[in-house]
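Have a look at this one.
A, B, C and D are the chain letters, set down in written order, and residue numbers restart from 1 in every chain.
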Amino acid sequence: MSATVSPSALVTRFRAVRTATEALCVPLEVEDYVVSSMSDVSPTKWHLAHTTWFFETFLLAPHADAYTPLEPRYAFLFNSYYVQAGERHCRAQRGLVTRPTVAEVYAYRAYVNDAVLALCEQLADDPAHAAWHTLELGLHHEQQHQELLLMDIKHVFWTNPMRPTYRPAPRASPKAVPQGWQPIEPGLVEIGHRGPDFAFDNEGPRHPVYVHGGRLAHRLVTNAEYAEFIAAGGYRQPVLWLSAGWATVQAQGWRAPLYWEQHDGAWQEFTLSGMAPIVPYAPVTHVSFFEADAFARWAGHRLPTEAEWEVAASVHPVAGRYVEHGAFHPMADDHEGMQQLFGDVWQWTASPYVGYPGFRASPGAIGEYNGKFMADQWVLRGASCATPQSHARLTYRNFFPSNTQWQFSGIRLATHV
Amino acid sequence: MSATVSPSALVTRFRAVRTATEALCVPLEVEDYVVSSMSDVSPTKWHLAHTTWFFETFLLAPHADAYTPLEPRYAFLFNSYYVQAGERHCRAQRGLVTRPTVAEVYAYRAYVNDAVLALCEQLADDPAHAAWHTLELGLHHEQQHQELLLMDIKHVFWTNPMRPTYRPAPRASPKAVPQGWQPIEPGLVEIGHRGPDFAFDNEGPRHPVYVHGGRLAHRLVTNAEYAEFIAAGGYRQPVLWLSAGWATVQAQGWRAPLYWEQHDGAWQEFTLSGMAPIVPYAPVTHVSFFEADAFARWAGHRLPTEAEWEVAASVHPVAGRYVEHGAFHPMADDHEGMQQLFGDVWQWTASPYVGYPGFRASPGAIGEYNGKFMADQWVLRGASCATPQSHARLTYRNFFPSNTQWQFSGIRLATHV
Amino acid sequence: MSATVSPSALVTRFRAVRTATEALCVPLEVEDYVVSSMSDVSPTKWHLAHTTWFFETFLLAPHADAYTPLEPRYAFLFNSYYVQAGERHCRAQRGLVTRPTVAEVYAYRAYVNDAVLALCEQLADDPAHAAWHTLELGLHHEQQHQELLLMDIKHVFWTNPMRPTYRPAPRASPKAVPQGWQPIEPGLVEIGHRGPDFAFDNEGPRHPVYVHGGRLAHRLVTNAEYAEFIAAGGYRQPVLWLSAGWATVQAQGWRAPLYWEQHDGAWQEFTLSGMAPIVPYAPVTHVSFFEADAFARWAGHRLPTEAEWEVAASVHPVAGRYVEHGAFHPMADDHEGMQQLFGDVWQWTASPYVGYPGFRASPGAIGEYNGKFMADQWVLRGASCATPQSHARLTYRNFFPSNTQWQFSGIRLATHV
Amino acid sequence: MSATVSPSALVTRFRAVRTATEALCVPLEVEDYVVSSMSDVSPTKWHLAHTTWFFETFLLAPHADAYTPLEPRYAFLFNSYYVQAGERHCRAQRGLVTRPTVAEVYAYRAYVNDAVLALCEQLADDPAHAAWHTLELGLHHEQQHQELLLMDIKHVFWTNPMRPTYRPAPRASPKAVPQGWQPIEPGLVEIGHRGPDFAFDNEGPRHPVYVHGGRLAHRLVTNAEYAEFIAAGGYRQPVLWLSAGWATVQAQGWRAPLYWEQHDGAWQEFTLSGMAPIVPYAPVTHVSFFEADAFARWAGHRLPTEAEWEVAASVHPVAGRYVEHGAFHPMADDHEGMQQLFGDVWQWTASPYVGYPGFRASPGAIGEYNGKFMADQWVLRGASCATPQSHARLTYRNFFPSNTQWQFSGIRLATHV
């Protein structure tokens, strides 16, 4: 399997992605890199090291003959879940490990960067070499961790009673986006990845699927709409919820999305810029599948399947804001068609995460990338404000369990017919 | 909505089903009715009372004007999960309730039976009355609990170091069934229930679905084949397992199906007739989805989707043994086509349990029957040795979570292409 | 070690104690014998069998040559904690075991009774035989379980939403007992058992101890007094509680003694005769050590040490009611001195349960009787309404952890000086 | 209540103690300050801040009129358990708080130091002012946290698979100390603090107590002796253990003291200088009460009571090594009498931690210092290698629960008679 872009483009991209990860850490203090505020959250330090370990283990170890690891014990500490790649440090203890220090982790990154660039130089005239594919995969892997890093540091900051801020607040707020509905005709369609561009293994094979028809909302559910659901007693009516969802509402004491707090009757939300009043027209964020499903039921609608989403999104898609990553792009008021597909929030679908027909995991440890998680999770489509722009695409299949809220996830509705 | 059979047929069926439930309890001592050996298991006494409560709540309360409950507190004690039907006793405490006594529960059954039969007499000349549909639903509900009752009492007996037996061992063992493979052509098919016969709401609407092709095994995976998987280190190789499956293997210490024990190197199995050597050609039973999935991967195959199963099963199906319910039907050696579809074990599919396109739960408490469980479970098809024969059908969708083993569940393989 | 009474007296006592245990079960249904409503509670059936196992294991097995166990597996099922007496069934599973049935347990009792009486006949002319001491110990052991059986069945009944009753309510209520204070002079005293009468090993050796002086309340704290403590916010003021006590209040949501419930502002209490308004002048019951300690602090007093209690009680003690065991003995209004010492509730002391100076456990499994529990529990003195009268004595040391409430325990105050 | 030393001596001591705390942190990286490796362990950063908060809350707030807190939210973050001093941050979350940073915590210390010294200057001519007593108490409080800080950082380092070291290994090892036995005559003695020197409230009142006689070991149990206990199956014989101790052995999988690991059959121990072979003649350390008690039983002896310890130690005590705090003081070979009393390890006693006769907690939040922990813990006497030398004294009562191992605790034996 070879890469989808040229060696020189990959090298450029390698420098850019590695730098971008470190740029995300500029606002952090050393202390912020160390902790894990809940079992889903990894320390920033771990993200920095684990993405480096990926290149060391899957690229350098098999392909760079003279490569010597900087510290052999890192292979144990920074393996996440690749059982074929050796023993792993217990996930629950990631936040207890104070050494290597942050400075040592940056030194590890630099050491591996140098080795990777030296290997690239050596292989530059063999664009079909398997190492290029691994390099490309490693870059997409690191981009995934860029989003995880932001999800995690947001949770770490929120856990702290001092409520630190990661960056200044944006200057402008989104305006209202008018609602409209995109019809989906019943019939056989094709979905999934095929072609020369990069995609993860779980995005293919491209295959026919029968869609049953309905209409998809042009825009996402807003904070104001979700606040109505809360005000109407949405979190107190078991009949709106899946059985396991209701059990979670009760066990966790949920009464709003993660990061929402009510002060003097008004909803505020913890953001990467600190506590702020909820923005009425912004897409509701940090809802679990259970909440998305309950909201849709309350609204008389449903969540779309991933096939419907992909079909609708391929017509004339309009990207979203990517505001958390920097520049703010207000939506035009007058365009039509599917909006807010990429760059606001991941959109829960009604599709459980399983392999597409004909999917088989690649052999070896790399094959553990996606396939082993194909149970008891749900597909999300699109891309969020925390997703690197070059990482978003039409066929991307993100996935999370029914009860997690810390990802940047929201709701797009579909009608029953 | 009216019933699918005539009032007089329903009355006959009512007497038969109610009697059949009590017949299952004949081998039990009073003490056996009381306990719950794990959180999934309900006491026999509770099954007897809960199925009765269903008729009282959904049939008698709305339709029998003069009906007075025998004991108003039973409404609280014997509601399972119908949140719209009022407060419920905590599931975890079901096994701690010694009163009402077993005798009182039987009296409750008789009292409700009389009231139901009186109501039937009164409505006999109105076959379109909604009550008939509820009565029919209640009978299918009770038949489901007949199987649950057997699952549960088996677990209760197994928990007891005295290892009591429920019934004598069958006299003959199943012989080998030759393997064969049923081809499934790629293309659009229709699955799901449509028509005048009874079906649960989750079996419809009938709808088109594109199947991608492959072949389905004529017969089920046997104990001997599964023992090979164990001997080959199946429970020690994480690469064979879904990530959550491997976590379960480690957390629970799984090394064989539930009820299997190794004595002097040979596998024995706890059955309703006590401990016995495993029968090599009998279908492996009491495996979880995780185990079925890992076995299939080890064997180089996969689990079928529910659409593939339904398509293959509709060609020329051959029923199984129903041995746990009594008479033993040995398989012919020479027939061809899909075998062991009904009457041996439920068959795990690769299909997560979600609503069919267009599915919407019925309004009211009855609507909580199936829809609220449509998350994070898997569909099983067919019927087991513990399923009442009149309850099995082609479109039936049973469902359990990935990690449960106490149901009578097994494995039918499918090929990748 | 030989017994403290004659062989013939022991035989009489054996018949009486064994009969008394079974008499306590007369009000029970078969179902009531089976369950364990929390981890501290054993099923009635287990108490009946375990006390029998004690005689089988420690008396018959070593001394009755021809004795054959009725069922060898009972040795595993009915061992409580005697590690030297072989493997034990897991305590947490006691309530899941439906077989042997209640009838079989009664047959086991009868079988062992016969064997014990046969052995007694055989040894009748050897009053110094060690077996007599074991027999006597077994009887005291069974009397302890008589009280445990009542504690446990009360909890089982309370757990049941049907709230069954064990026996009819008593006809009369206790009247007010005037308060008075018994002075304890500072100085060296002797406490503990010495002499020919029976006592458990933990009651000796008799030894000198220096007591520091103060006064002990003549009577126990009443329900009315305890209700004042609640009304004054006793359960909401952390400063009144030991640190671990306050953590328990919060974790368990305590706001009153076990079995108390507030209805329309008035306190009711679950008793063996069902729910009833609290009796103002009756001793408060079912309080933990933490609650007793907090109450005493709130009242400006403290709990007595066990030495103070024993010294005060040896002056001119007056027994209590023993009402739960049957006949009701109203207190005289005019007597003086220490009252309610025996027969109402066990009285928490400020003394942690450790061995007396010079205490050493007996060798062998019998030595596990008391010594191994000498950590992190507190001594209670006196005897409760559920204690067999012949089992109560001045030097008796009962013990429970700080946070248990289901024993019949109450409060006697002491002054600081 | 006034202080026990002059204002000028207190000011000198204040500077010394505050500096000593920070000196303990010199070997740490910023990352090391942040985490909590188990629920008993607080982050170094928290110790630095909490000891500062103590002065701010109990000294500056009531006595320094013009004092303004540097950051009001620190009052919430750095309160440990003083419920009368306001709301507290959840202990379980201490290790998740990345801000204030380490640098900010040091700034907080400097800010409070300045304010305390300014207050001292102001009060210099009023040596009877209550503030002096609070200052003195705060210094002893901080010295306690110096030991906790070392206990905690040792555990943090041990949790890390990189196994960092805190300081270089000592150059010499302790030599064998000959065993001898100090007789304790039966009779009335006095123990506890009385007089002008500083002591915590729980060390008094001084009071008579009757001791029952026996002999106390001159020296502590060594690693070599404890290794014999392990080799003899000490961790596999339930009869040696208290019942709750044995349950802990099984639940925690204990088979040696905390920090011991077996490599190729030889025992190694994690120390503040990294992994090292156990030193045969050094006192065994990091044993729980349960282990100390089991060892004593195995050795045919018992643990001393705290009265026995205090009586024996007051004859001609010889201090220990204080090696972990710096200089190493080898023991003379030839001295007699009680040795290793202070400076090696805390010594478990057989005395549960309760208030002395007549003890009453001081009013106000300061009164929560010791009294509220007087349940379900055991007294340890002496002082460890991690205890500041000026903090050790004859009447000091340290206390820990039965199952904790991370304190520097060891064993001194006593004979039964």
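Here, a contact is a pair of C-beta atoms (placed from the backbone, for glycine too) under 8 Å apart; a residue touches a chain by one contact, two chains touch by 3 or more.
Please read these numbers as outputs of a predicted model, since none were measured by experiment.
Chemist: Using the contact definition stated above, find the chains touching both chain A and chain B.
Modeler: The shared contacts of chain A and chain B amount to nothing, since no chain touches both.
Chemist: By mean C-alpha coordinates, which chain is most distant from chain B?
Modeler: Here the answer is chain D, farthest from chain B.
Chemist: Can you compute the centre-to-centre distance for chain B and chain D, using the mean CA position of each chain? Integer Å is fine.
Modeler: 60
Chemist: Return the distance between the CA-based centres of chain A and chain D, expressed in whole Å.
Modeler: Computed from C-alpha means, the inter-chain centre distance equals 47 Å.
Chemist: Where in chain B do residues touch two or more other chains at once?
Modeler: none
Chemist: Give every residue of chain A touching chain B within the complex, in rising order.
Modeler: Spelled out, the residues of chain A in touch with chain B are 81, 83-84, 188, 207-210, 212, 238-239, 241-246, 289-290, 293, 350-352, 354, 357-358, 360, 368, 372-376, 401-402, 416-417.
Chemist: Provide the residue numbers of chain C that touch chain B in the complex, in ascending order.
Modeler: 29-37, 45, 73, 76-77, 89, 93, 95-102, 156, 159-162, 164
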